[in-house]
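To start, I am sharing the structure in question, which I have written as structure tokens.
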């Protein structure tokens, strides 16, 4: 079966192609990973089903393989791959414990795009006192963009966007049951935010949030670099 | 056309019958108000359409009439009506300026049920610093229940419920446009709250929020009274 | 993986932190329970998955452990925990047999917050004659707040709120299939109630209903106590 | 513009064609009414817009014209039309005052199909004591089918169906605002009924409810008649 | 755990209580069945889960047990139960092969309420020629009410209601995928019918459709009987 | 304000650019019409608001202007425009009287694309006997594609697609009120059709249905022509 | 259990009956396949569940059986079946790798209706450069109709319809998660297309898309043929 | 009536407070504008209702007032206000003519935050050739972020994000009718994008899109500046 992984995306967009593992057969995933390794020296896979994980690992035994378990993510590096370090800095915040896997998916992507990541987890609005100090530290540490992952009421991104002097990306998670559950209320609340400077991606789309935040941070970092030369 | 306004509700429930003006003809409203005045000495009308307002006023010229304009509410008192003062205390908070009319509808009802009301308006999550001092004062003033009116993201009730030592009633308002607009995101976010002790009423239902809060406050006040005798 | 269970909530809010078991790994649940036991002497867990139950029990063998099976709830008490008895009284009513598990979740929380609970189950509107006597007894027994759990048509909370002289909390359950199933019709019908003094929590949110009812009952009881001293 | 009003329906179905006035131009309405008068000796029009009313009346000056104002319905009788009296008996109940217009639309149709109608209005679940006596009288008066019109929570039809020994037709009305408003909660609650023997028609579809109830009553009446000959 | 099966329903309503098996534990089902057998001599169970089936059968070995497999329905008769034969006649039509189980659920109930049933299956609008002859035969055989089960487009009930001289009950089934799938389009299309005399029950609610049809047929049959004496 | 009407579409696609009048200011409409007249010799405007109609007419006094009132459509021909006649043949059927305006919008487009149109109106499923003869004639007259416009239950397109030997395009209209109203049930029912060969366009999208049908008919006609030379 | 597979459809419609395997029991599938083989010499089964596959194959051992694995489709040919070759040509395009199974389902049907198929897979809008050359080739190869399968954003069909001189059928797939997932956004985006000449079928309805495209192509091919004789 | 406009936001966030005119009374708007002028020297008002426009202008006669008509936006400058020029560069693209007002709202905000804006309008996917050249020029002109406004199918932002090397903000507009109309399909399609680096704001939220884009551009510009000193 024919697939056309977009190896040129990295050069064109400054963002890597990511293989979405959930709805693909293991054989397809392996074939696409080979394609990307040949083209760019690295293959990133998200939402790897547990039944694919070991098979994919086995298929790339000669390679350096890094997994981020909570996020069900895997990165395979070819022998010549040289990680770059852009100097960008992204904050990743989660409202609850259950939002951590999606936050981690975003963090993996941000790192693979060469940024430094600071994570602050389980600081939701039910006890806002937990948020104050780590957030102040993050601002002081010259962060370029902040991702806020939240399910249920989705209130935390609005609170952070009311305070932060940088762009905030709302990342709703599918946590929550009943009416507005599975992330629906969280997403809608973020779309309806009365705080300025909050844009959103879809429910559980850690990859999308990570790419957007890293694109911002890398462009800022590039401006810093270019001038400092 | 026959109507059966429930004059016995006040005795049975401790909450007055309220005439919902929006979908009734002016003649019906006047007839029902006469029925309630005869039965309980007072008639409360909510959502009075502008085209009904003057006509209703004219029909009750000998009576004391009180209007709360933002809320489109009217109360008509019979000559023998004696307001009672229960000693209950309810806080009414609004997130934005546009939520004030709905908050005011709740305040009217709470007052008519004999409670003291403290209003704090325009203190939403886009600038949480505005909330801190008035909220602390409210707790210190021995409030029995708090109503929080919010549209758009509906995040404020969750923040207040995370802090308040008394029951909080979330009152979503129909403010907001686009996906989740007209109060939908606000209501869903409140239903999905991760803060404890928040129950909700429907979008724009100031009457319902007011009755619930006053029922709580009056039961507490009654216990205080009874014992102090 | 870092979690920050909010041990201070009990002091601040008068309501305990509750660990939501459904979307957490067993190891996370055990870690959080240890955190809460250390902070407050007690850990309450809701929606414990069957695969977690035995493991969690095993991890707390030296402790007193109480489970409420229908509700999939567990409470772990530290050696020094002294249950308090506030004097509050809450009624918990269910419309059908299938609504009982959610009603029980509410009952557990109400009890852990120190209130007396009276349960009346399977008295829905398809045969209202079953409701009359037990409800009259409940009013006579000086109940402070009533929770009404109902799925399908969700009509019972409106009927009870039309009669009860205390605040009623509507607790929709995910019982029902087809259009409006899984609790959607029940929740919407409660939000649209034409009876006064009914506020609601989300579908299957027994924890939320229990906390709200107990906050009300405890505030009333506290007023009774304070004066009687 | 060509229209094909179905004059044969009455013979085929035992139910008259009804012209839906709301989305038709006045000229179309008049043309269709002439068609039906020619074919069946009678034309029934529902949802007549106020701007059409006088024009239509003027166009049929030689005819007997009957209007039912609350329902915005009009019936035009040709000179030779002989009303028939089937002996069927239908009850029409409304929950609130605002539901009366839709209930009246159903009543008009039932009468035009030759049945006797008993109306009981404003007896919703917020004060169920208002319902008991009139309902008992209705059963005693050998009613063949009952229509229950309700908006907002839509709880009344389930209560009635729990008690009535005849088929009940739930008629949701578009009364109610906020989530589940405009009759949505009412319809869903009726579809989710836990009471037996309740079927429903769409929101505000008084015509549909009336035809179904009258078809039932007429078939029963016909059986009564046929045998008594 | 307490349950209150409504054994008096049969006398009050002329319709039996039916135990909904899907969301109940096997032990609860058996207890409720014993309750109904004691009260009425018969227990009807719908939506029996496969894991409950054998256990329930085993618990009632001395009894006559009848199962209708496609419908997952079971009826248990006590030794003294005497089936009655009312003389009512109900037609049950299905649009597709996949709608048959739901149609059969309706048929079981109709039979247990003492009516004769005629089934016509797999005659949907994709090939209407299949419908013509059996439908004409049904009318000729003096049918009192017709149930039409349909999923997907839900068009068949409107077609039948356009032709039938008796009340038609639309029974949407959860067949169909994609937008409007799981019976949603079918239900909505029936609610929006432009044919007269069609009322509906919820998706897959064969029990509800059966009770309504049998209530109609039995009332007609009773009129026939009474007069013929 | 800059606009870029796509005059090249006709050459590229074989379908004309159509100006959507409803959300444009009159000045914009006139400017775009001039652009299209210059590019292709003709300008087609749909959904012309009544307040724009006269102004637009006035602006093109020297031109041949054709309006189709029911459809709120206007076509302006430049002096050199030569209508072409492709030989394609399209049927346009409407279920009810109220669906005619949308059907007419489709008919205008089909004609402007050079096809012959046969219209059959008001033949919905509530009385299917009205459909039989005209449909048989249409098949006999060698029709290439059929558009079926229907609101409410949307059942007619499925019935026609069950019979027609050519592609059928379902055109849902926004006729109908209550749940599934405004064309929602009609669209969903068409998407869920169990008849083969039915594809759909959005609610009230007469333009889209017309273009698709004419593209089909013209391709067939072209094949006929090409060979006959 | 009685089924009535519509063997006459092929003659009447020019489109074969297709057995939908997903919601049928294996025994039903085999019985219906025998019916179709007897009537038309061929049986096509779609959405065959894995648990049915081998059983069905075993039941038709003497027959030629063709499976298309990605599409979970099977075709069984009787001994006398002669495939016909109409000369029609249909393009089938997929946006992503995950959309291929649904695209393949469409392709099977198109082939069984006698057309030639050209497939172009994995050319979505995230990298449009992949689309240009194969699309130009398709136009040059005299394609009669194009099916475009796309999940997630559903943007590709609009892009193709903006370019193609033939009818385009949008085939949304259930790929995508979060808000608008499972094909909902894809379908809605296609319904809202601003490109001319795009009609759609329901999510994952490869059979429906295939029949529509083949009906178009075959009618064109027939016109070509007829004239060339 | 008390309001608390957040004059400190500009210093804290780098983004101005914006008065949402649509749901406020004219008197409230004027009062809030005075508050902001006193605090920051400038007041920005969006969605000014036509009935407020002249009154507000009249109230600020001594001030410099700038209106952007398509966007219904107004900016009032105090005498000492000094516009700053950050060096940031933002692209604003619209798919259709009808999307321009929302695009203009975004452009106003971007300009008021000190950035340069390049607008490219009416280049949607129905004719993608119109997009190619202006987009290439935009990349060459060192743009920092791109806003893409689109209604109906919402396909353009995905196409642009597939090509652009900078963050893209999707801005759905409420253009479009029928299913998925009023911007719903557009928003969902953007949320479901398969292109990397696209985040979104709510339907018609030009202010939100503008603030996010300007925050990005200003941070990049600041980095450029800081280094160049």
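Here are some notes:
We just call them A, B, C, D, E, F, G and H in the order they show up, numbering each chain from 1.
Note that in this section a contact is a pair of C-beta atoms (placed from the backbone, for glycine too) under 8 Å apart; a residue touches a chain by one contact, two chains touch by 3 or more.
What you see is a predicted model, and the numbers here were worked out from it, not measured in a lab.
Touching chain D and chain E together: C, F. Ranking E-F and B-H by contacting C-beta pairs places E-F first. Residue-number overlap of contact pairs with A-C passes half for only one option from B-C, A-G or D-E: A-G. Chain centres here are Cα means. That of chain A falls 26 Å from that of chain H.
Here the CA centre of chain D is 52 Å from the CA centre of chain H. For the pair chain F and chain H, the distance between C-alpha centroids works out to 37 Å. Within chain D, the positions touching two or more other chains are listed as 9, 126-127, 162-163, 178-181, 184, 187, 191-193, 196, 202. Considering their complex, residues 95-96, 124-128, 151-155, 158-159, 161-163, 176, 178-181, 184-186, 188-196 of chain H touch chain G.
In the complex of the two chains, the chain F residues touching chain D come out as 70, 97-98, 100, 121-123, 126-127, 130, 175, 177-181. Across the complex, chain C meets chain A through its residues 1-4, 6, 8-9, 20, 22-24, 28, 32, 172, 174, 183-184, 187, 202-205.
Within the complex formed with chain B, the residues of chain C that make contact are 9, 12-15, 18, 144, 162-167, 169, 187, 191-193, 196-202, 207-209, 211-212, 215-216, 219-221, 223-224, 226-228.
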